[in-house]
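Below, subunit A partners subunit B and then partners subunit C, in two separate complexes.
Presenting the complex of A and B:
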């Protein structure tokens, strides 16, 4: 049931260029997607998107039910229910707000609710902190949410459109969270190409809930109580939907490039000077900036270092990532998250990649780093240190099982 | 998509049933459930959708009316039905109503008034979901009814006390013992009064009891017709939780009213109107002693005279001391009023 895209855009359809933040870029995309219901609740830094949407509503660019909820639990429940009667919905949160909604986050995948949410990544309490950490979004990684990380305002806008296309594809029907690093992306402005609605309409079909629509004309009973008699089959359906999402994501990016004339060939991760690299560093989100700057410095000194910036974490691009990483002499994963008591005490991304590489023919030594927690700046020194350790492992050919915390006061 | 400025809050006009013989024959909650024998809440479900008719969406929070009603591969619901989380009846009502409104006003769905009813138990509604219900009752642009079926315990999880369990009752979280006869000594929340007093733009709040089935259905019809967010509190005898012979459900409902423990009233646009036997009490008929109600139930079997006296005194207070008897517990302002008018 692939979505057919009509012929190439007419020449008159011009993108307009705006200087906007990541959050504002998401709001532009939501307007273009003709969002139906949105719920807001204040928490920094994601709430900038709700402020931007509120302006779109009061300015008349967007016609939608805009509801300020009394807490994140309700915020997510309201859009969940709106989605079941056929509305295109948007929601979001940060840090402990996302946690407050947790019950409602876990029910959306089995209900097959294709909501799209923005997580403005933020450290969890305590202590109260505004800065970025990825643990908030990562907490739903096992329960059927698709998860991706973005890096620029342009990517914020484009990924939001792609997100609806993927989530609302009947082969998928799963919720999708777009993660944007708090402050670094939610609040920083960049020039962004905003496409005309006509192009978006060619890319993004209407949300059609089909036989799952809750309506008097389709009097179904949704989510009756099940136990050992059926639950495992329901889980299996989610598993299969997540597996199908891989194809749907590939298709959506290909179509996006055709309609909008931009976007990456490889949806799953960005490779920066990784082709010929001896050492590949891996990270998610805006951490790419200091790493890219460091790589240019290191290359000038003859060190072949590259970056793989992971966009999609769920579904996880196992084979493609293995193919890209197993070429290297050493891999260093820099997590902006933690997983206390995990294997090797590593962050979440490092251990996912270790697992992905386990069956690979060629397994380069893998080093795990934790850096930039609570929004601390990731410095060039941090990256140089990681690179040095990776080079040492490349020379010895041995993985270093220790998890290295970078830029921490000892 | 252009907004049709004319899109209002149209509702279905559901005239009251004038007598039991005029009640429609169609059922929208039928066989396929497995509630206890004598379960009054199951009757409430049946009457609720009989009253609302087929163009209705029902959302139900976790509890007996979820678990015992809808078992995978069976359903008693003829109308569309969906589960919502334990504390989410308010959000379920609001989200469903908002989704329908958005799609209709943007021309993405055929425009018609569809009833949205979210039900919750006393645990899900008056404890966990209080905040969400309260929020929904302030969203006057969305039509929905929240119906709280009050069996006075967390029944589905094996009868634990909630903020709506009566004083002193024996539940699995408040078992009477040799040292402590009463573990649960909190007085029950005044839920309908709280909703009516706390939400000035909610146009309709009512209390009902299925022992008076036609009146109960007519309150549901009024709530859905008047529009905006509305709230109904139903007191539902529960043979398992209250520990009595299932054949007494109807009678216990009546006794709750006749003793004055549970008043029947509606608050429409701020006007309190007592009805049924509660109206008779207001007009002077004597209340039956609370012991006639309490001692028919095993959950009060450990009560001694002192407990019965305390319970009676608290109920007397509701009727004699409350500013609006049995509805609003503020004390009368007669002295203040007198002082003000003396100036």
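Presenting the complex of A and C:
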């Protein structure tokens, strides 16, 4: 059964401010969430989370099983099993490490295991590289994982708490991967408010696996072999769980704001100066930083540009995103990923948004940009260039079918 | 509306934790006066290799918005204060292939400050520090470079001395009181360290450096190829085989023209060609293949390729034939063998001077005898970091005598 970490003595109701990295913020949240089982196998940049958790355990702040696996495949398999017996679990990886765990990643959603994982986004090999690309996390986008992208250490901490609340909700019971941009978030230390355990206890109930608990008192078989008489019904269950997650995510954020007094009203995406924007740029993760700075510069010159930073990719906030984007005269999607041979050769996010807009009453021209791959800096100049192309499309009223690569030496 | 941007240039592994403490200390100190801040490392620098020049950054600003403004770059393009915690970094920085040689003051803004720990004179340092097209200040904390290992940390107060010095350099962002509070609150802080910060604040030396001063060398640089110029399949051409040194004799290997990596070096081997027995051990054991074979069968450490690891000194069977000497006492990368061939007596005199200087032959990292660390600490506290402990020239001198 789950081990309960003893409450720290002289617990205070006040938040405390710490200078911590995104990875350390995740470890703070895991400590507050009273994690039971964590597995570890090192790969940059995810290993920084492992190290931070290990420090929490060695410092006596967290009592949890820390299992060093012999590879990512075992790492994810171990927590999957721990979750079925009622443990709150955590795991994670990066880049090709995430790929090596693919078989386990694929079997987790149908078993309805509410695993929370951190993907420290990293370019897929080859070439061996450490910098951020979103393709690693995105490969599980079709198989029942919930996927979200975070931007700051604060959001890393808050989202980790929210993740357990959502994943472990009986209506959902799906795994959830939080994506953190390698380097920009995992390795940068920022001032972060860490809430007291008492607040977290008011927000996050204990994980109750109910009738799915693998326990001698509740004899069940998990994952029997099935033929064509059963598979499609099982998929339909997963489909429904993902659909229900939408409501659960809305509830969780509302409750988070009630308990902690912070957090976004719109869980799904951040809108920055997007209300009156002629051109809206869309991106995920820490790319928001140069875009926001560029937007402030552009606004000072009278150009109405805004940002929609997508937090949740699965479930995809189709209706809300369409409502937010169809107001604009042009939309530019900046992908920190690629999808070779895809429609228009565009990135994954651009094509999702194209699909989302298909049924919209008003479809603004959409431009697709690929930028910042392998951790390449997304410069203000890149953003200005994207904005100029979007304005040209806004004037002509036509989508530019070409996918633009920004910041490539050519 | 104001921000303070600092970079810490440090030696990979040996000073990794030192640099992290400094950048964290900057943010936490500035927080005491209500500033926002962020501390981060240049991601590409990690995982690090021993001695490779690496960078950490700290940005503090009045407002969160202004912090974002300065964080929007992958790494700062301009810094108000460049901090170098080893003075051999004054020769320049090359962390990766294709980076070229970057002057230590490259990112320092006009009228900014280059803050170093050093026992060298200003003039001696300015022979190494490249000329800059703008005036700046060179500020010195009188202390030798603080080198730790991956698993140990040398508690010689260098981190708090830097913080104390910064309170002098940028008083509107870091007050001495704020620095003191931040030190006391940190897990590695103590009242003694607060005192050390205060001493550094009081003892900081500084002078203006004009545009005409400094090393006139043009640092080597490269232009990276365009995507369509690169070979496909993540493939790069091999380095071609080498050539004889001259007249069909000797052997000089070709080396990576885009990554010389000699700025990794804190010490270099000085070779006595008169006592060399041509046993080949230095040449074979050098992990960077830095030795060129000379026509007479001796081995010349190529200073454009040597990383200063000291393996050659350790494996050489002849007493004092190879001696590691601190990089700060050399002004160029010229061939020792050529100097020896030209005039053997002059070379012997030059060599005797270099290897006879105990201050220069003390190991830049690691220890020579039990208790050295405690001795150094004692003297550092009293002397504000000025005292250093002399070492024994020749890593294996004792063994060789036996």
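Here is the rule we go by: the second predicted complex is superposed on the first by the 398 of 410 C-alpha atoms of A that agree within 3 Å, B and C clash if a C-alpha of one lies under 4 Å from a C-alpha of the other, contacts with A are read in each partner's own complex, and residues count from 1 in each chain.
What we mean here is this: a residue touches a chain if its C-beta (ideal position, glycine included) is under 8 Å from a C-beta of that chain, and two chains touch if they have at least 3 such contacts.
Keep in mind the model is a prediction, meaning the values are calculated, not measured.
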Just from the overlay, do subunit B and subunit C fit on subunit A, or is there a clash? fit
After lining up the shared chain so the two structures overlap, which partner does A:380 touch, if you call subunit B first and subunit C second: first, second, both or neither? second
So in the superposed three-chain picture, is A:102 touching just subunit B, just subunit C, both, or none of them (first/second/both/neither)? neither
Which of the two partners, first being subunit B and second being subunit C, lies in contact with A:131: first, second, both, or neither? second
Contacts of A:187 with subunit B and subunit C, given as first, second, both or neither: second
On subunit A, which partner's contacts cover more residues, subunit B's or subunit C's? B
With both complexes overlaid on chain A, does A:273 touch subunit B (first), subunit C (second), both or neither? neither
Figure out whether A:86 sits in contact with subunit B (first) or subunit C (second), or with both, or with neither. first
Inter-centroid angle subunit B-subunit A-subunit C after superposition on A [Cα, multiple of 10°]: 90
Could you grab the smallest C-alpha gap between subunit B and subunit C in the overlay, to the nearest Å? 25
Kindly list the residues of subunit A that each of subunit B and subunit C touches, one partner per complex. none
Interface with subunit C, subunit A side, in the complex: residues 17, 19, 44, 126-127, 130-131, 182-183, 187-191, 289-290, 292-294, 296, 375-377, 379-380, 408-410
Could you pull out which subunit A residues touch subunit B in their complex? 34, 36-37, 63-65, 67, 69-71, 73-74, 77-87, 89, 103-104, 107, 206, 214-216, 218-227, 229-230
Per the contact definition, I'd like the list of subunit C residues that touch subunit A in the complex. 23-24, 27-28, 31, 36-41, 43-44, 46-47, 65, 68-69, 71-74, 224-228, 234
In the complex, go through subunit B and note every residue touching subunit A. 1-3, 54-57, 59, 66-67, 70-75, 77-85, 87-88, 90-92, 94-96, 98-103, 105-106, 108-109, 114, 131-132, 134-135, 139
